[in-house]
């Protein structure tokens, strides 16, 4: 399905479970992170001696079955769901990625993107090393395999300084799980206590909630957390950046609404985004409808402060998502529409305010507007809970290139005309930050073009797919 | 996944498409009917000469791929998604079901349940016929294969009188699609014009909307509609029953909210159910939350008339549905919960009114209430948009047996205690009918025990699985 | 893989095993019958009460796994491997085929072909019955479902008279297995005692040997054998035909060499065919080579009486058989040859006598001859262990139509030229019968055109695939 | 299926095909090498710019389909079939193995075993490199990725000196295929001209014959052959060892009979082994039978010089090989035998001489002898076409450990008693060399314990599976 959303690269999870069901817990936890990556999934487990793994292309429920999950015995596990941004989408780049090193076996699962990966890759190749994957994970593993230090924590401290970019990592050794977050804090990573005395880390607190965790907190920017039979240990790998650069889009779109990001309920922030959107636009209309599912909380918030009634205007076809068969052009022209149906009773003769979370390439809003007009809407006003996305992300979010971004190619008025709505409104960066309730500490580079550090955009490609 | 919902038996679709993409249209249309049956799917096509088919166990997207869809060439198609109520869930009972007859090949796809099937089955066996399936479809096909009449319409008229129960059928012959509905009108079946000059019938108008249909109307109770190269033809197979007996649960739970049932928007009726629920209960609280997804419109309606703010309280894990691996008891006890997470920020210290559409066996409401309390809810009041379900359905809905129905075994107060909520409320039958806006014409037997005709509950089982 | 061999339609097996591992025994036995049909496989089991089944397209090892074999519990089983002659090759026609009847459930597995099926089919359709399969099995089941008689044996006796053609059947009811053979004895069916007190029937004694059976005997032409908890019972369904019409090709090609057919070792008969072939041809040469695997015993026999040394001349690529990817024409023209390599050391500068069992369409012998010449053979003499096949088979062997049979279209000299060998020799019908050691009792219609009864070659096709 | 044979580790193939069907040719060629490894298969292709690959667990026909073969476009390809000796049997160790290096992408497919791999592995880990596979291939690739030299040929020359053991390699870069053989010449590797102007290399000449190659020759021990758009180039990587150490077992068992090894027809050598076996044993009997398929040529040779008639005594069940379901002990005890049936007619009341190629663990000969006796054999004399295997192989053949080898644990008389035959005979080393017709140049270490160089048997294990 083509969607016009930014794509998150990955979800990661790590488990230390005294009762030995680590792989099983990782499996269920990964379901709660499936929205962060649906192209590949994998789990690696350690039993104190040996690391075993299984990974494959597809959804978690497609990759794993009782037959391949059962042999993954051990009390330590890491897992990964992948959406491919850098690195092509083959099985080769599925994670966790596992190597043998002079210090023993080491597996990695990574969410983020190393902005200076091309340079680091080139340095590793120059050292006479062969890299078996095109993803950043291989670079990180090779750096660690050759790092100085008596412990993995020390080795991490040695190499983290060279990694410029976003990385929320979980590492697995024979007898421990390590969780690491870059000093800018780009991507989320949370830690919780399992009810039975173990620990779990996951890209989102929502996954920890699914596992029944309590005492959930963020892994701090730059922090290294170690989980093993001795319990929980923490040290700082690098000092946190000043200021931090949390990804604003986790609030706007990526994270589950039941997750906590920067100690804030994502659902709550989204409602606030809807409130701010009305404050800025003062839009008038007869009904507020969300584009489901992500814009639902914002529509509730918009309705609450505007006193314009909130209702459903679109019904999402939940089963169309995984088909690999696409309608022919003929069928499409005839009006076969797979993703949404409109609800004429709620739209007819109404001035409709549609809340959506973002416009990236701008190719799906037009058909939605048309659907509303066919259903009898008198006016269609499209209000977006973030500013125009005018710059690519180099931190692991697939926004597209400059050429693909509609906000780079068109003015807002041109965009409105392209989409065919009566008016088009974006929330300002200031409005977004007011909704979050923070003054700084967020990366808004995709809106502003101001990156947290200098980006070298020249990439060297690997020679294989 | 165990859920405590009534289960619909099937979805059916039929296509006459001059441009020969009938199978492809059936395929996309079945996605929009996937919620009506997820155990098996199938499509049969005719090209004027030969009928070909493919069917299998699983979701539409799992059963079909380009390789098995492409050979299904022809301008006529019928399709089916199956949830098994009668007949066991093997491939043998997947539909469409296809036989050769003295009048040529005939395929059938059926939604409903023939209440006197056991007797009809026995009569067919006594005629010396072997029945290759345990489902009603075989009975109907054998009746038609031996019926008097010069046309399929005449043969249908001959045999329909003997079929007591619910049947929304599509039939496929070498050169036409026939759509038939029982005279009580138990289950829905709608007809629409395809943009390119063809026609489509489907269990729900939402599927017709997905295919781009216009001029959508219901197939009338007792009506036989024929689609072929000569266009559309209609005749009455049996006179409509007086009164009709439409299934109330299509409004309450089964149908897509974007479908129309009895010329009423299902989404609108659900909002009205929420409104009537407040009118009857006059409940007080701080927030109204739905159990997603089906209770969302009712919660909006409840909030609108009660002026109690509506918000999300649960987040549904959309990816857990299709896993065949279940958590061990150990993991379950530790708190692994796969289906819903609660949103503490929206619940903490609040008197929470939870809107749900039905309670059947009563085994899933308790855990939901517990989840809300753990998230800090002060009080939990559970309000259901229909009356207690105290009687089984014999018309194709899997409500469970008398012994399984909690409303048959317990009083409302006992049920409340079992679930652990502070109060428990059901909408009255009268409230339901007020919400729909009709005085009669609906089957409410699962609430009242008053069936549209006498039910003989003694079944003869088939000797195979 | 294209081969130029007649194709056998099916293998059947039936088990009564007191220790309840009937499905498992059927599974292993079907492997020994895999050569008789590789398109579909299936097993049905009964436990005294219920019949369960599983079937699918592909080899036995592909259709079954522990997951679908384990639920097939019971002490009675029948199984089938299918090659499609009549009926198209879809899952619909996979066997065992199972129906519910007035007398209880009944499953069938069939090897053979009913020559008057079209007429029987038409009669059944006229009775107002829908036939769900295009194979003969449905016809037989419907006949039995409506037959007079108090027992299945009586019902068989009632209907067998109408079945003109080849049928080696196994039937499964709730509590017994029945094995039936047509009165002509066209196709084999043997019975053996299992070591643990049970019984097994199978298309070939080789499969019974695999299961460890002893006291193996043929089911007699026209005999009905019943296996159940009361042991073994036999009655005659029809009197044996005079003379019998055993298929000569079971000796020549179909049966495993370790099977016994007409109380004769097939391996031994094949050696004798080689001996007779030399007696008739008195061929001279330097080496005798077989086309592997089926002609190996004949080459041994030919060598023994001719005193011409026997050696391997071709090596068969055993792994190419199941690939669905075929070489492009370009690759083929370049010389990619998948099935056989020649052994130049054994062929160079030699007059080579090649023994093969049959020529049907005549399209694969030419490339073999060319291979031998490229490997340095001085002369290539092709000797066939049967007469020219000039007439189709209506008893379940896919020989092809008259137009396809090279012996119908060409003289022997034209065929020799087409193939490109130095001389071409066929064994005479008399030579074949001498090798077998019988004067009569065999069907040689494919050589002589003299069928055991009048054949009506007009077929009515079913209207589905 | 358990068999008592030594296991070959791998088959490799390399293609330079001007017409761009390189992957397709590799695919068909791998079928002809399937006997050398059935656990995994893979193909990598290059188009002058990029390398693409696909690999998986299972047979070549299971791993590849049109869908994953079609995207492998390019005129250069390498392929691999794997049986795991060193390295566990997971997908991680499937080949070709592919890395990016400072010199561009490089893929490898390897047959053989590096005897000093543990030491080399340890050196690489100490260099701070992470090794993603436990097989030798990763070691070789990392050595090459860090090697000095301006061309891959020079880099190979730099590193080959450190590799002590067996390696027949094919390497793939962006624009060439390289084929390399160790200086001892342990494992075969042949080169042929494709009819269309390209070249192919393969583990066995039989695979080249399948592809239609002519002018076939061995890659010389120590030779590096380069295939690319400029044609064929050869240089010496290392001087050939004095003496060479070709694997005797390629003649005895591994190679296809239609392959050439050391310029000798394998089929011819096997016949000669049979002849020498009779010369040494002067055995008397009534019939000579082979254990199929590998001992067939030896039985022919034995018969030819002994004038004892040769015949089939066992029929192999060709379809049982790939089932993953094994008979229960109960079934086994009852006599279910899956692999061979005996032919009583050829054995009854006869003194039977059975020819087999080797005894490794000694667990399958006993049941075969028993089968012959049950079929009526008067005496059973077992004659083996090689000496007792008393020492493990460190060059890539899985013979088992000292403890597993029956010839290490028992005398010949004890072995005979264990097997239950009347007499047991092994061909002497001298007899084997006479049959081959060479005085030296072969490795007979598994018989003699004399290895071509000192073996360090202490292994370091990797920490993952």
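Labels A, B, C and D are assigned to the chains in the order they are written; within every chain, residues are numbered from 1.
Throughout what follows, a contact is a pair of C-beta atoms (placed from the backbone, for glycine too) under 8 Å apart; a residue touches a chain by one contact, two chains touch by 3 or more.
For clarity, every value in this text was computed on a predicted model and none was experimentally measured.
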Given the pairs B-C, A-B or A-D, which one repeats the contacts seen at C-D for over half of the pairs?
A-B
Pair joined by the larger number of C-beta contacts - A-B, B-C:
A-B
CA centroids of chain A and chain C: separation to the nearest Å works out as 59
Counting only Cα atoms for the centres, state how far chain B is from chain C in Å.
48
Chain A-chain B separation of Cα centroids, rounded to whole Å:
36
Identify all positions of chain B at which a residue touches two or more other chains, and write them in rising order.
none
In their complex, what parts of chain C are in touch with chain D?
19, 21, 24-25, 27-28, 31-32, 34-35, 59-61, 64-66, 69, 194-196, 206, 209-212, 256-258, 265, 267-268, 271, 296-297, 300, 304, 309-312, 315, 317-320, 322-325, 327-328, 330-331, 334-338, 341-346
Residues of chain A touching chain D in the complex:
49-53, 92, 97-102, 104-107, 121, 125-134, 141-142, 144-147, 174, 462-465
